[in-house]
Amino acid sequence: MPLFASRTFAHGVHPPEAKDDTKGLAIRQFPFAPVLVVPLLQHLGKPAIAEVAEGQEVARGQRIARPDGFFSVAMHAPASGVVRRIGLAPAISGKMEPAIFLEPFPGSTQEVLQGRPCLAASATPDEILAAIQEAGVVGLGGAAFPTHAKLKVPAGKQVETVLVNGAECEPYLTTDHRVMLEHAADVMAGIPYLLKATGAGRAIVAIEANKPDAAETIRAAIPPGAPIEVAVLPVKYPQGAEKMLITALTGREVPSGGLPLDARVLCVNVATTAEIGHLLPQGAGIQERVLTVGGPGVVRKGNYRVTIGTPLRFVLETVGTADDLTRVFLGGPMMGQAVSSLDIPVTKGTTGVIAFTARETGFVGGQREHPCIRCGYCLDACPIFLNPAELGLLARNQQYERMADRHHLMDCFECGCCTFVCPSHIPLVQHFRIAKRAVRKAKAKTP
Amino acid sequence: MTALGKTLEIRSSPHILSGNRVDTIMWNVVLALLPVSGFAVYAFGIAAVLVLAVAVGSCVLTEHLLCRVAGKPTTVADGSAVITGLLYGLTLPPGLALWMVAVGGVVAIAVGKALFGGLGQNPFNPALVARAILQAAFPVAMTTWAPILAAGRFTSVPASLLAWPFSAPAPDATSTATPLSAWKFDHRLTETPDLLLGTTAGSVGETCAVLILLGGAWLIARRMMNWRIPAAIFATVAALSAVLHAFDPARCAGPEFMLLSGGLMLGAVFMATDMVGSPMTHLGCVIHGVVIGVLVVVIRVYGGMPEGVMYAILLANALVPHLDRLIQPRVYGTKGRGRKP
Amino acid sequence: MANDESLATTSPTDEFLKGLWRENPTFVQVLGMCPTLAVTNSATNAIAMGLATTFVLVASNLAVSSIRRFVPKQVRIVTFILLIATFVTVVDYAIQAISLGLHKALGAFIALIVVNCIILGRAEAFASKNGLLRSALDGLGMGVGFTLALLALGGVRELVGRGSLFGVPLLWDGYQGWVVMILPAGGFFTLAALLLFVQWRKRAAKEVTP
Amino acid sequence: MNESLSTIFVNACLINNFVLAWFLGICPFLGVSGKLDTAVRMGAAVTFVLVVTSLSAFGIQALLTAIGAPYLSLISFIAVIAATVQLVEMFIKKFSPALFRALGIFLPLISTNCAILGLALIQTNKGYGLVQGLVFALGAGAGFTLALVLMAGVRERLDFAKVPDVVRGTALTLAVAGLLSVAFMGFAGLGA
Amino acid sequence: MSGTPHLEAPTTPVWPMYRTLVSVGLVCGLLIVSAYELTRPIIQRNKIAARQAAVLQVLPGAHASRTFRVDEAGAVTPVPPESEGEGLVFAGFDAQRRLVGLAIEAQGMGYQDVVRVLYGYSFEQQAVIGFRVLESRDTPGLGDRVETDPAFLRNFECLDVSLGADGKALAHPVEFVKQGQKVSPWQVDGITGATITSRAVALMIARSAATWIPRVAARRAEFRPEE
């Protein structure tokens, strides 16, 4: 593995990359499912408000829900069809949440209804932000944070650099890789919007060293004279985490409890950038996204452009699965969330659908949990220098308050490095999730 | 599509693991101890085989029985009892009565480990707990050293080895002095090559510095040992003894002797680095090593006994909770080390 | 028991018996640890210490009980301590007169009976509220219970440590004594083991009669 | 007695540690070694009282020898120690209410603490002079604090360990004390 | 210390408190003094007997002993047998009231604590002729072998402490060697397995002999039995 740059962050781990199966496969269009389930909450923030009635016919790209306030985005019809029902549907959280059930017309095309274009050259920053919100763009790297909210620089703060995050450090996932290879022009079209909206002077596209072709393609696509660079980073997980990326590229740290803005940078996922570059000039909204369907449990692995709202069952049925499928999770294996039901639909934040068979899960789930032997591996892995061993011990004894007060529990972003390296197979991240939830609940109670 | 009708597992991320395993680590330590054990057998013959076998056997058996008593599945397979037994056996004098070896094995697991709740919970190194208690219980037997490379070592064993259980072993006529006691009481210095190659009297596995370092290097290469601890111990002992030697050569031997003699190598490489009994942070490990180094030199030079590695490590073990408490990693995005106030 | 003002409905025999096991000062109340650990390296020392403590207990309980009506609350503790210190001084001289060797073996711990929590505890909690006979029996019971506990410790430590009991070799010739048992560490370990045993028994009893 | 001051200090602190070798002050040792900060405060309180005791014991002994009444030593030690502790209590109460809240509960414990009376008796037995007695008291206090602090560290860690239920409690603390005692044997002969 | 002292505090007058304390104090004082007076002669007797027994043990052949105090300059004065303090030596006399030798105390730091020993010195043989441990806290079974190990005790049956030509110092200072390596009469053979305590004992005797023997050797005539 050639080291293109020595710039990186401290600690972290090296999980097997497992990208070879799909990184060479071009993005393919996925068919429409018989029924699309479009949740009203696909992002962090408030759910959108439905603007359609049951039985109403909609055209692909038509807005079907409007944002409820600033921390919310619009939704667009992913296909032309009939709204069958507006009701509860299973969501990734495990709960039932409101969604619009849309039945596409048979033979519905991929044609998209377009709205009012917004051009980077002529629009004001506020117009760009409004357009992004209207297009329903959220962080496509998985977090699904409303992008316009992220790009809104508060008064008194200043952004020097926009980091376009193409690190894609999660194993198995190759969506960003493919987007960079196939839609470099969209990325380049998107960056000016980001620069203008934030007032930043330059953009850096950060790519891990295991995607040299993507780096080359992007570099070649940079318009002459544009303030855009490509930075190639060593392969290490979690290189793509916002804080790690910022440290790797600027040497600055985001203060505990602070935002990247405090380090005078902003991070936007490369797929999000491409989507902005693709949608805004046409004035369209998001109806589909690129995701990796892979893992040992999938027969026809690949990178697919899947309509938002496609149920996982349809996705897996279409690509075919192994018989001993045991676990399906959305996103990469380090941070992805396992699903309990295949009726959950693909949403804007879904970066991948990975299926594991008994062989892989047996290796993970079948391991006996040993007591902590204080090896300190987790301390050497944690990219934000927490003490997961101590935290784990406290968590087991329900000392949640102490974890938050003394050991920076709330700084943990659940990257999974500690659990990954733990020789005792202690589900540390799971403990921390429970602890964080308890702490948040306790805080909510005592204002 | 029967596969999709099945119930799916829900488990928190991450969904892949590195392959690090407690038992892998443990068995690697055992592997690293094999050259040393092999040399012990070469040097002390049948006696070493018996001592090591009884030490390991008694530890493993105790672990198994205690798990049974507690109604839990046996934890012998994780290899930690084997390590404890092997390390403990390697620190014993080669002519120790076998019944004493067995008693120590029981003590190591029962008092040193199970009492505190088993693997990972023990504050002190179980092998050293056993050795220290044996040293206090049978001081004469524990300071009687059979000669190394004795002629008949593959055909006979020292008479003291086969004493009846709970009876005093017959005094051994052929006992010799270890390099450290020779220095302390007779002011006789052992040659460095002898110390390096291990052709001196001493505990079963402490004599051959080269092989111990080899085992340590293997573990460091496999990232199963924190190199900072032995490094800090060696540096401290070397520096301190160099200074003391310069001031009072009659009292303190030179650094090369202090480093290579006695149990320092074995202790620094295999006991002080015991994951359970050492700090978790890198700075903590360095301090841990320095504490051990200072204590070793102080006990050897100013104390009553010729050797102090065992006590130094046990005392440092007692300090580890404080090191782990006071020294925390500096959390990303915060200033300065340590906990929030 | 005409002058008995205790609310207890227990019989006088029970006042004596409770100290032996149910309220044993060492194993159940875990009091008076210093002498328990320090002088139990031989059975002889243990029993001498136990008897000396018993004497002080009975004497101070008697004295406290007899003056309990005349002592104002404010000076109660001071008075008790004065009385206890007196009896301890008497015992100290008595032991010195009986055997110098024993006095040397027990060392400062005879004088330290003064600060044994059991004695002040009984004076304060029992003798200052009860009549002479009950107080004496309580002191005797606690004292005997304490002596038995010391003897158990001293016996185990001497037997394992030297193979003898009261200086008389009991085990076979050539028995290898475990020196650690006579050392301070052995005191800690033996007491820990005995407490463990007591706890285990109690738990077993609880399981039988829930 | 011709022991040097350093010998006296090392002896009282490490070789013949009050708690681990002489069993003096076991009750507070078992009682307040559960938490580090209380252990440190208790150690400081005991050390202070030890120093005061050493001074007063020296004075009392000189006085009793002068008037020829050695038989009153025990009873006067007790009286003076009780008074000393009272004094300390009042002093702390007045000048540091926070410290009083932290240490207040320990002070009655200290007055019935064998370590304090033991120091007075041993110092008298060994015939230490004023300075020797002071060094002895400082060494004993340092040793007591050291044992207490080490114990507290181990016990805090064991709080979260999977210790078998039967063992938890005094038995476990005693066993750890035994192990510490064994470890402290390493210091033997240091004073020579 | 009691649970609820404040509740009735204001009502108790001061007088009963003084009365109680004084009367209890009186009773206590009486008890202590009588116990002291009662036991003192017995204790005294025991102490003298113990000391005498030790002296007779380290001076083989002695039947009686007398205590002397020797000051730094070497002046010898007889003192009562219960005397305490620095500079005491004990002369032993045989049945014919002839001087057998002197018993001298030595002490030093052992393995655990101070070790005190008593050794016998014979003017005639110019040698240490007996030895006994008075006080030791060294490891039982290990350190106490200096009291029981026959080979070690044999060292002190005739350990050469003869004076040099000028009479001001020992001809050969007492030396410690490892077990089985004794070649000269002024060397002490150690005990394997108890090297530390045996060495400490040898060293304390060496130090004591070096100060005391030159001081008393010339004053043999002054150690006279009691009249």
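Each chain gets a letter, A, B, C, D and E, in the order it is written, and its residues are counted from 1.
Methods note: a contact is a pair of C-beta atoms (placed from the backbone, for glycine too) under 8 Å apart; a residue touches a chain by one contact, two chains touch by 3 or more.
Remember, predicted model here, so these are calculated numbers, not experimental data.
Asker: Remove chain D from the picture; does the complex fall into separate groups, and which?
Answerer: Taking chain D away leaves a single connected set, one piece.
Asker: Going by the contact rule set out at the top, which chains touch both chain B and chain E?
Answerer: C, D
Asker: Can you identify the chain nearest the overall CA centroid, using each chain's own CA centroid?
Answerer: Chain nearest the centroid of all protein C-alpha atoms: B.
Asker: In terms of C-beta pairs in contact, which of B-D and B-C ranks higher?
Answerer: Between the chain pairs B-D and B-C, B-D carries more contacts.
Asker: Measuring between Cα centroids, which chain is at the maximum distance from chain D?
Answerer: A
Asker: Can you tell me which chain lies farthest from chain E, using the average of the Cα atoms as each chain's centre?
Answerer: Comparing chain centres, A lies farthest from chain E.
Asker: Compute the distance, rounded to whole Å, between the mean C-alpha positions of chain C and chain D.
Answerer: Averaging C-alpha atoms per chain gives centres 22 Å apart.
Asker: I'd like to verify one number: the distance from the centre of chain A to the centre of chain E, where each centre is the average of its C-alpha atoms, in whole angstrom.
Answerer: Whole-Å distance between the two chain centres: 86.
Asker: From the C-alpha centre of chain A to that of chain C, how far is it in Å?
Answerer: 71
Asker: Could you grab the centroid distance between chain A and chain D? Build each centroid from C-alpha atoms only and quote it in angstrom.
Answerer: Using C-alpha averages as centres, the distance is 61 Å.
Asker: Note the residues in chain D that touch 2 or more other chains, in rising order.
Answerer: 21, 71, 75, 162, 167, 172, 175, 179, 182, 185, 188-189, 192
Asker: Could you say which residues in chain E touch two or more other chains, in rising order?
Answerer: 1, 28, 32, 35-36, 111, 139, 141-142, 196
Asker: Residues touching two or more other chains, restricted to chain A: which are they?
Answerer: Expected reply: 371.
Asker: Any two chains that touch count here, so list every such pair.
Answerer: The list of touching pairs comes to A-B, A-D, B-C, B-D, B-E, C-D, C-E, D-E.
Asker: Mind pulling up the chain C residues that touch chain E in the complex?
Answerer: Residues 41, 67, 70-79, 82-83, 85-87, 89-90, 93-94, 96-97, 99-100, 104, 124, 161-162, 177, 179, 182-183.
Asker: So in the complex, the part of chain B that touches chain E is made up of which residues?
Answerer: 139-140, 143-144, 175, 177, 181, 185-186, 304-305
Asker: What part of chain B is in contact with chain D in the complex they form?
Answerer: Within the complex, chain B contacts chain D at residues 70, 111, 114-118, 121, 123-124, 129, 132-133, 135-136, 295, 298-299, 302-305, 308, 310-312, 314-315, 317-322, 324-325.
Asker: Quick check on the complex: what are the chain D residues that touch chain B?
Answerer: Going through chain D, the ones touching chain B are 36, 149-150, 153-154, 156-158, 161-164, 167, 172, 175-176, 179-180, 182-190, 192.
Asker: Tell me, which parts of chain E touch chain C in their complex?
Answerer: 1-2, 5, 8-9, 12, 16-17, 20-21, 24-25, 27-28, 31-32, 35-36, 38-40, 42-43, 46-47, 50, 135, 139-142
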